[in-house]
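The following blocks contain the structures, represented as structure tokens.
Here come two complexes built around chain A, the first alongside chain B, the second alongside chain C.
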Partner chain A sequence: MDKIRNLQAGTREWTWYVAVFVILMIVPFFGSIFWTNLLTEILIMGLAAMSVNLLLGFGGSLPFGHAAFFASGAYATALLIKETNLPFLAVLIIAPAMAAVVGAVFGIIITRLYEFYYAIVSAASCMVLWTLIRKVPILGGDTGITGVEIPELLSSIDAVYIFTAIVVFTVLICTKILLNSPFGWIQQAIRENPNRVTCTGSNVLRHRYIAFIISSFICGIAGMLFVLHTQSTFPSYAHWIKSGDFVMICILGGVNTFIGPMVGAAALIILQTYITSLTQHWLLFLGISICLLVIFMPSGIMGLTGHLPKKIQSFFKKSGHNQRG
Partner chain B sequence: MGKIHKIVLEVKDLHTYYGLSHILFGVSLIVRQGEVTCLLGRNGAGKTTLIKSICGLVPASSGEVWYQGKNIIKTPAHRIASSGVIPAFSDNRIFGNLTVKENLEIGKMRPRSDEKRVIWTIEKIYDLFPILKEFEKRWAGSLSGGQQQILCVAKALMGNPELLILDEPTIGLAPVVIASIGEQIEILKAENTSILLTEQNVKFASRLGDACSIIDMGEIKYQGTFKDLHNNESIVSEYLSV
Partner chain C sequence: MSGDIWISLLIAGLSRAMIYFLLASGLTLIFGVLKVINFAHGAFYMLGIFICYSVVKFTGNFAVAFFIIPLVFGFVLGGLTETFLFRRVYKAEHVMQLLLSIGVTYIIADVVKIIWGVSPYSVGMPEVFRGFFSLGGITITKYNLFIIAISLATALAMFAVLYRTKIGSIIRACTYSREMTMTAGVNVSRVFTLVFVAGTALAGLASVAAAPMTTGMLGMDNEMIMIVFSVVIIGGAGSITGALLGATIIGVVEALAVPVLPEFAEVIMYVIVAVVLLFRPQGLFGKSEARV
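And now, the complex of A and B:
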């Protein structure tokens, strides 16, 4: 069915999660550094895209400014580590909270809007932050902040990877639980018809606002993880093109599924990595392959999961008929 | 009719516009406690607009809507709903991408402090509409039209309405289904639920209704009981016959 997700995660789905998690955990012991790095990036981008999908796939809005929260999380982490003596654990909590604060400010205007206006104003607010970041001296201007020192414990690539995987999975599970609560149902109901939701006594405006803040918090976590991964942060993190990446990942993976953004992130980043290794004109080929993916898989890669087993089944049934006939 | 019931909702001289076009021209209406008040009228007469104005979904330009001693004309729609005026619209009745049970859960509201009447719970809803229990895990969008209508009414009931507004519950449904919806409404009436029912189907409405108003071209043309209406063929043929 093309309908949104199966949120009532059955034991089978949880088994899948556990299996994937276990596989991810053993990658560093067998895979190369290259793969560990790639997977870290996929997990982080997937998490950011999932925060976008919370509003896009489940809320029916088009947030084109989530780079702002990604950058807020990243810059907050870098600054807190470099300029203050706060314990590392506190940084891990304060940095995403800063992104949520930025989300709370931007959200006041953005969540009052719908459709194109929502997309354009969110992109615009993201560019406001981008400009600010480049102009404020303490944020390092165009060069950004580099050489962010992270604790010994996380100094190796493998350690950052495992930490990232644990954080990302924890957030994924929390989000899944949230979406499978009345809050999540209202969020999906708003996608269908905000007016009808009003008739059930829910304050649609407040609900969209809270969802926006939660989403920016999650995106902030992704930004924070990215700083731990690269130990630096740049103004381009706040550029709307970055927001475009998140939206594209969602569409690629399938906005109507919970896990779609993760799959989309894997597809995009692996595609990007391989095409860049083959040709200089990688953007051209990346563009074409994405066009093809969108045309032939309108509901994203995850849209295939429902159809593929059925197609295979029907194929075998047909061949069975032929044998009998 | 014996005693006169308390007034639940009173609409006074309501004017509503869609952009520049004037839709409601000074509509007045009274809904009494425990009664089924019917609002009859043809397509485009202004029934749904009136209901949307009462619920705060379409802002009225002037007039008053009195409910629980307050004029709610400027109250935001979600507050009106959470104070107990709960509509069930005939178009886009339910949230198709949620399951039946999730639809019902969304309709749930905190019980209001002055709650005296029956409190609706999921179990009670399932007792009244066993079909919903059967389909509780299905996508609401995959239900038939009649089942969706039942779900829509059930969703509204989950909010424990002081006043349940049913907007053309029979539209587009098969006669058998209409009859069963009629039975359910009678059960609700027996539970002392106040209902405002809009209908084109006079026969259906007259079986259930106590008071009746006829709206045409955005004005109330008749107000009274069904008994008087039946003795007055000219009104029926002028405003209701197709």
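And now, the complex of A and C:
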């Protein structure tokens, strides 16, 4: 009986995804460049935050260094397009792979650590990249790389948007499948209790390492998409503050849910666009909001669904088979 | 290069190291007792430098700034952030504590921007400390010696308080078990506030000490906090001896690396961190339980 109910909930969830996807596909036809740009950014930031949430919400780690992988993906894309004659499709695969390689190197040290050590060392790791980017001439130094030429096919704002939406949704679905696989269940079990997972015969260290690489790969995809969107890269992409933003997006949306980061990205970016049009002091506003969020609303926007009418609430309940117990 | 220049560099590096130590000891003291890593510690440092600039400008006297700022800093800034913000998240998940301190960083960064603007400031070197001693070919600026002396005195005072007084033993008891200390009739909550105030006061002291030899500008907090984190990681979180050793390693290596590899001095620091972590994940003086 439970199984059938789960299946039903699952179908309903997929319907939901398809509906959102179709709505997103229609957006460019309204012809608002502002909203198309905003949505592109939301999707990309949401994807990056989701890769963070893979480790934060589902793995119980404190990844404060994902800016490194975002920047790796971005810089790899920019450099491959500018400096080599590789076909565009190859770039699309190699760039995230480069982020995964960077993840594999940093991961050797980071995934051995827990708690605050994990947080600090991952933050330090993205500062290594930040320093390198600013000092190595081919990486553009302080000014970054600008004027990245992307193929004719993707040169319009709408085209980039549609491409982004397709890639983001594909990755979302793959991640969802991954989280529902034995791999995903072990990932969540490690969050609850690494020692018990060891007792069941799984190699926790290797598992954390692989999850770290997958997460950095996804974050690399987000970085790559961002270059297609803005056609430039800057050293600030690798700064630990950027990683803090990703974590903040996760918490804002709700770490206990799969789509929380997407919701968080939408909320944060819309708010940011609105507030920066009013005042210069966005950072002050953001800082105060973070304090209020952490103290009064730690389960994020998705946590507010508990206050909705029962009927709607049941949707979130059933789809939330990966909610933290 | 001759050996004399290296020794001069070494001493300059040591004085840098002492600034790192003052900051790291505050951070590690707070971590040891409260089990909270404060990302805003770098922002406190930046704020301190700007305040020092204003105090010196208005009073024209560096000594006033030197004694007043750490006290005001500890009791006002530290007291307020602990009571109104950090106290509420001790029992929350760790990510909440980290995020809260990032929020504080943002607020301080923007407040500094509102009050002092975006242009860099520097505090002039006080008259007493201008000039240098020279011994043969070795030149040592007076101010560097002063910083080293002040910091070592602070370190001694910290050890004295922690290991020779009653309040010190209470603080150390809190690092072992919060619950047990509470059972012994100690107002743990007050101890936490006290430790946070002390840690912030140390950040204030570090910023006043660093003010005459650095330029205060926006964004310096984010770079400083990474150096301080590296110091804490190398030394082992929660250990003041570790902070002293880690700071010395980082400061001296940084100073000696500048003539050899000027561009990548910062990278060398991270390499040291990586090497230490590979062989001793808990840091040189850390306890192994810090891992889990």
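Criterion: the second predicted complex is superposed on the first by the 289 of 325 C-alpha atoms of A that agree within 3 Å, B and C clash if a C-alpha of one lies under 4 Å from a C-alpha of the other, contacts with A are read in each partner's own complex, and residues count from 1 in each chain.
The rule is short, and it goes like this: a residue touches a chain if its C-beta (ideal position, glycine included) is under 8 Å from a C-beta of that chain, and two chains touch if they have at least 3 such contacts.
Everything quoted here is computed from the prediction, not taken from an experiment.
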item: Which superposed partner A:47 touches (first chain B, second chain C, both, neither); value: neither
item: Partner chain(s) touched by A:262 [first = chain B, second = chain C, both, neither]; value: neither
item: Partner chain in contact with A:67 - chain B first, chain C second, else both or neither; value: neither
item: Partner chain in contact with A:112 - chain B first, chain C second, else both or neither; value: second
item: Contacts of A:188 with chain B and chain C, given as first, second, both or neither; value: first
item: Touched partner set for A:294, first chain B, second chain C, both or neither; value: second
item: Partner chain(s) touched by A:199 [first = chain B, second = chain C, both, neither]; value: first
item: Comparison of chain B and chain C by chain A residues contacted; value: C
item: Residue ranges of chain A in contact with chain C within the complex; value: 56, 62, 64, 109, 112-117, 119-121, 123-125, 127-128, 131-132, 135, 194, 239-241, 244, 247-248, 251, 255, 281, 283-284, 286-291, 293-295, 298
item: Footprint of chain A on chain C - complex, ascending; value: 31, 37, 39, 85, 88-89, 92-96, 98-100, 102-111, 113-114, 222, 226, 229-230, 232-233, 237, 263-264, 266-267, 270, 273-274, 277-278, 281-282, 290-292
item: Touch list for chain B against partner chain A, complex; value: 55-57, 76-78, 81-82, 86-87, 89, 92, 95-98, 102, 105-109, 137, 139, 141, 155-156, 159
item: Chain A - residues contacting chain B, complex; value: 1, 3-4, 8, 182, 185-186, 188-189, 191-193, 195-204
